[in-house]
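All chains are identified by letter, namely A, B, C and D, in their written order; residue positions are counted from 1 within each chain.
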Amino acid sequence: MRAMLLIRAVEKAWGDAYLTEEITGIPPSLSTGQEAIAAGACAALGDGDFIFTTHRGQAAQVARGLDPKRILAELYCRRTGYNKGKSYHVTDMTRGVVGMGGIVPAQVPIAGGMALAQKMRGTDRVSLAFFGDGASNEGAVHEAAALAAMWTLPLILLCENNRYCITQRDTDALKGPSIAARAAGYGLPGVVVDGTDPLAVQAAVAEAVARARAGGGATFIEAQCERLTGHLIHDTQPYRSREELESAWKHCPILLFGERLERERILSADERARMNREIEAEVAGAVAHARTQPYPAIHEAYEDLWA
Amino acid sequence: MRAMLLIRAVEKAWGDAYLTEEITGIPPSLSTGQEAIAAGACAALGDGDFIFTTHRGQAAQVARGLDPKRILAELYCRRTGYNKGKSYHVTDMTRGVVGMGGIVPAQVPIAGGMALAQKMRGTDRVSLAFFGDGASNEGAVHEAAALAAMWTLPLILLCENNRYCITQRDTDALKGPSIAARAAGYGLPGVVVDGTDPLAVQAAVAEAVARARAGGGATFIEAQCERLTGHLIHDTQPYRSREELESAWKHCPILLFGERLERERILSADERARMNREIEAEVAGAVAHARTQPYPAIHEAYEDLWA
Amino acid sequence: MFDNRLFRPGGPVKPEEKDWPSFRGAINEAMREEMRRDPLVFQMGEDIALASPFGVTTGLAKEFGRERIRDAPCAEVAVVGAAVGAAMGGMRPIVEFQFGDFMSVAIDQLTHQAAMLRYLTGGQVSVPLVIRLPCGGGQGAGSQHSQSLYSWFAHVPGIKVLLPSTSMDAKAMMKAAIRDNNPVLFFEHKQLYRTRWPVPAEFRDADHVAELGKAAVRRAGVDITVVATLTMVHHALAAAEALAAEGVSVEVIDPRTLVPFDVDTLVASVRKTGRLLVVDEAYLNFGIQAEVIATVAERAFEALKAAPRRLGNPNVPVPFAPCLQDEVLPGRARIEAAIRQMMSR
Amino acid sequence: MFDNRLFRPGGPVKPEEKDWPSFRGAINEAMREEMRRDPLVFQMGEDIALASPFGVTTGLAKEFGRERIRDAPCAEVAVVGAAVGAAMGGMRPIVEFQFGDFMSVAIDQLTHQAAMLRYLTGGQVSVPLVIRLPCGGGQGAGSQHSQSLYSWFAHVPGIKVLLPSTSMDAKAMMKAAIRDNNPVLFFEHKQLYRTRWPVPAEFRDADHVAELGKAAVRRAGVDITVVATLTMVHHALAAAEALAAEGVSVEVIDPRTLVPFDVDTLVASVRKTGRLLVVDEAYLNFGIQAEVIATVAERAFEALKAAPRRLGNPNVPVPFAPCLQDEVLPGRARIEAAIRQMMSR
């Protein structure tokens, strides 16, 4: 729960910074509605594992325990951000988080390569690639899935089906029974899971992790959810009806999980509110931190290209 | 039967020309063992339809009724060849034959585009793309299949599974139940057919053609056979055991179909031998023709680039 | 250093600009007119029907329907391939990429198929298609959304490469691209989309089509030739104005097309001025700037009075942080400095 | 016109050549030594274990096993991606393409991922990988199997580009490529594979590694500088011999690496000779030839006595028919003619 609330708070801070023109550039892409996937998936991973994120990657970065201060510093283009202001695809190799997403879904074959490295080096680490429903139609996913099957790689292909590829509805672009149904064609296990339920996602990923660690190879998971906000922050989703959006919001994972925790008397509404206040304070602190951080110096434009 | 014998004779002529060093350059890729697929598929197509061939495309060119004289003239690099000596991917737009194959399997998305053009122009023509088992792992096939499903294109994806991608056995590279099994993931019908039986191939393609003409969209067909000769003519297949090759030759489509026609008293062994002699004479004539044709003039190197 | 203030991509329209067509509007109008004229013209691209990424296709789906303005899936190999096949089948496709950088995933379909198929088949097919590639930096969009990769495509045979810099050219060149029987890449600098430009009367003439392969002399001068493309044309013009006050007369040449390339206008200019500066956002090493210099060195060697120079991205990815981004993009200030230095020798 | 007889790709080995290592054997030996030295080095490629397309990996699977010599499927995006990811995971992959042209399907993984990831992450990762790209024409292999596309890759930041032309360089540069911590493209001209070259003693030294970024002066001369790569080095040397008889002293420079590029050796040579001819099989327009000329025009303008010139493929696909193919490739005869013409002015 905490992870999901923190994700939403960090993203809100980023979105606000853009809307108030504190930061400029490419508009933020929020994962509102998808928080349970990142939270569930990261909860199933161990310390040495790797994740490869998308253009909508903040949820996973936060869920993997990265420091909101340094995430926001990056999004504020500061030199103390994780990537020194070089890109907003936040990366922290010490936590196995590789930020990608400029090219959809180039991270998937690379995650396969990381899995290959782990296998060849004899570790039991797994590599998990996030990608979207739209991305699933790209050849890169196909090739990476086939290779993972062929080489029995410890890879998890985690498709976040948030129903949209920008303005294109998944049902317009995908005519099979599900995206995970494609897994069978590669000889991989394919699983569809409720992406609004962090525990369901965690369970599915945990099973995939266990399979991978045991040398059983890759798993293709499709976590279905709803994209509640626009593709980018300035997208007001005119291509979706009011009814569609209203019903989508009923699938808000924070809402659903909050209700459930209340129902199951694990976390009361009050406790949740308190948790949220703490988180908001933490994020406000992170924003304040980011704002005071220095911008990169000009000469840094020429650094970090060559090893 | 005639088509299959003619294919093999034309290819033999090409192979011989290379082995005797009459022609140089990239070694010929013969489709020995695969003749039934081209013969069956082309028999199911109508006059206005289109086929997109592979690097192993002579079988389909011959089966589609192209003139062996001009095919061989092209392979002999003469200016009266179909492509004026510019490439060995023999093309004849008047017969809807597009020769491709330099880049595996770039022809598949393009065949999809031809299908789109036919659909938009309101014709009932279909577009058929050949590609191999190895090629099926390329992203281009995935993307084209998904697009064909999405736009209900009159396209036939005809995978010739000859068991090998150069030296790589299909079972090493493909871990699903079959290549056609991938079709389901796109929401396309997928069919596995015996690629050594021309009538079975013809029936499967005819059904796909009927579906496409009726507006029912694309079909994915996998025709399974054996590659009897090497990947290229100089490949002696040291990576295959003698037993494997011997058992593969039992699947020679010409042998099998010949036996069947004999059994069913449609074509006796004598008649077949006569047919073959006629064909050999025809091909010998085509070779003689090709040899006498002029080479392109130097200035032709600079022609045909811009429209 | 890139001077973002030179264009106001946002902000209110100034009174005098009211009747000037915007750059993106000009492309839209060209496509609209050509789609009206020729029912074989159609478009494919991600989100072009419902929410055109940069507003270039806005309104077209309403007029022409979703069959001719086709929302494409995120599958660029299939989409470019579909364009190649459709073109061979007699259609005239236009493909939009959201960012031109993404062409990186579909280059084979462009350079080995679209561009080569006519040659390979001995002239049996033609492949009339237009690919629209938003390019350029300055929007803080990061390394993979800010590039100007035309040097790649101008290098290989069979592809026309267009770089419009004004509304008039955007319209007339787009019309020429659509009517051309070859694969054409149409690069659209994102910083230009919302700019507005005064246009001559023929802008309104639906039959006015640009002749491809003619450079424009944007400003006549006698001391130095500056060759610039896209936004850099305007940076160069601003620099030229500033230098005019110092008594330096700058000629600004906008090649407009890289393939075909107008060697004659370039050579004539350098024969007059004797000095050459080439400015482009492309990566500097092995970029189009080198070709311009090499062409002049070969064809107008005796006319050169001083070493030619070039400006461009100094071969690093365009960084995300605006302060770093602006550092690696050329612009008015750098052009002025370079000209001053060249004139002082 | 391309002179195929300059190298005998087939045919019996001449007696004096017996102890000379072949070009492909040199690459093989470099990879073997490095794989022995460093267990993290491994290879992926189509058919590299069982029937190496050009024989470069022959025998390696036997020594190192099928895990380290991995037969890859026909899926170049996945394979290059696997190399990038494996490199980030601490391995040192070498990838073979059967023909370098096929890189066209996987460029994004190279230029936007392998080359950019270090920069984008602020230096957190490094991507040590080698991609071997057989290139060049002359074998009658057709338009999509005969190209020399390094101009593309030298243009974008983050990739080293190597063009070895002798057995010694092939070995020492391959070793340097494997030990380098950046993405490296290793272009192998197919006409060179079976050629044999005399080598100095350090060829046998497993610790001898080339310093990347140092051009070789293949022949000293005072009248004209010829810059040539790969097979063209040898065509240029043959032309130089012929011209020596006519009293023309030709200096032949082999840059060996395009990125990093040795500007100093080039400039020093032209300062001495005053004349420059650049020869390469690359398409001429917007190709690497232009960069060499532009560099000299910028850095050694005053030294130039005559207009520089360049030879290359005149921007058509390499046709299938040998007679047409030979027409579009440069070679010894054209080099001689160009030099004669340049000296006669």
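Just so we're on the same page, contacts are C-beta pairs under 8 Å (C-beta built on N, C-alpha and C of every residue); 3 or more make two chains touch, one makes a residue touch a chain.
Here the structure is a predicted model, which means the values were calculated and not measured.
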B-D or B-C, whichever has more C-beta pairs in contact: B-C
Remotest chain, chain C as reference, centres from CA atoms: B
Intercentroid distance (Cα basis), chain D paired with chain B, Å: 35
Between chain C and chain B, distance of the C-alpha-averaged centres to the nearest whole Å: 41
Approximate Å spacing (C-alpha centroids) for the pair chain C, chain D: 32
Inter-centroid spacing, chain B versus chain A (mean Cα positions, whole Å): 44
Multi-chain contact residues (two or more partners), chain A: 83, 85-87, 89, 102-103, 137-140, 143, 146-147, 150, 172-173, 305
Shared-contact residues (touching 2 or more other chains) in chain D: 73, 75-78, 101, 104-105, 108, 112, 119-120, 142-144, 157-158, 316-317, 319
Chain contact topology (line, ring, star, complete or other): complete
Residues of chain B that touch chain C when the two form their complex: 50, 81-87, 89, 91-93, 98-100, 102-103, 106, 108-118, 120-121, 127, 139-140, 143-144, 146-147, 150-151, 303-307
Residue ranges of chain B in contact with chain A within the complex: 137-143, 146-147, 149-150, 172-177, 181-188
Sites on chain D touched by chain A in the complex: 42, 67, 70, 72-73, 75-91, 93, 108-109, 112-113, 117-128, 157-158, 181-182
Chain C-facing residues of chain A, complex: 24-26, 77-78, 83, 85-89, 102-104, 134-135, 137-140, 165-168, 172-173, 235, 238-239, 295-296, 298, 300-302, 305
Chain C residues within the chain D interface of the complex: 101, 104-105, 107-108, 111-112, 116, 119-120, 142-144, 149, 151-152, 154-158, 258-259, 261, 282-283, 285-291, 293-299, 301-302, 304, 306-310, 315-317, 319
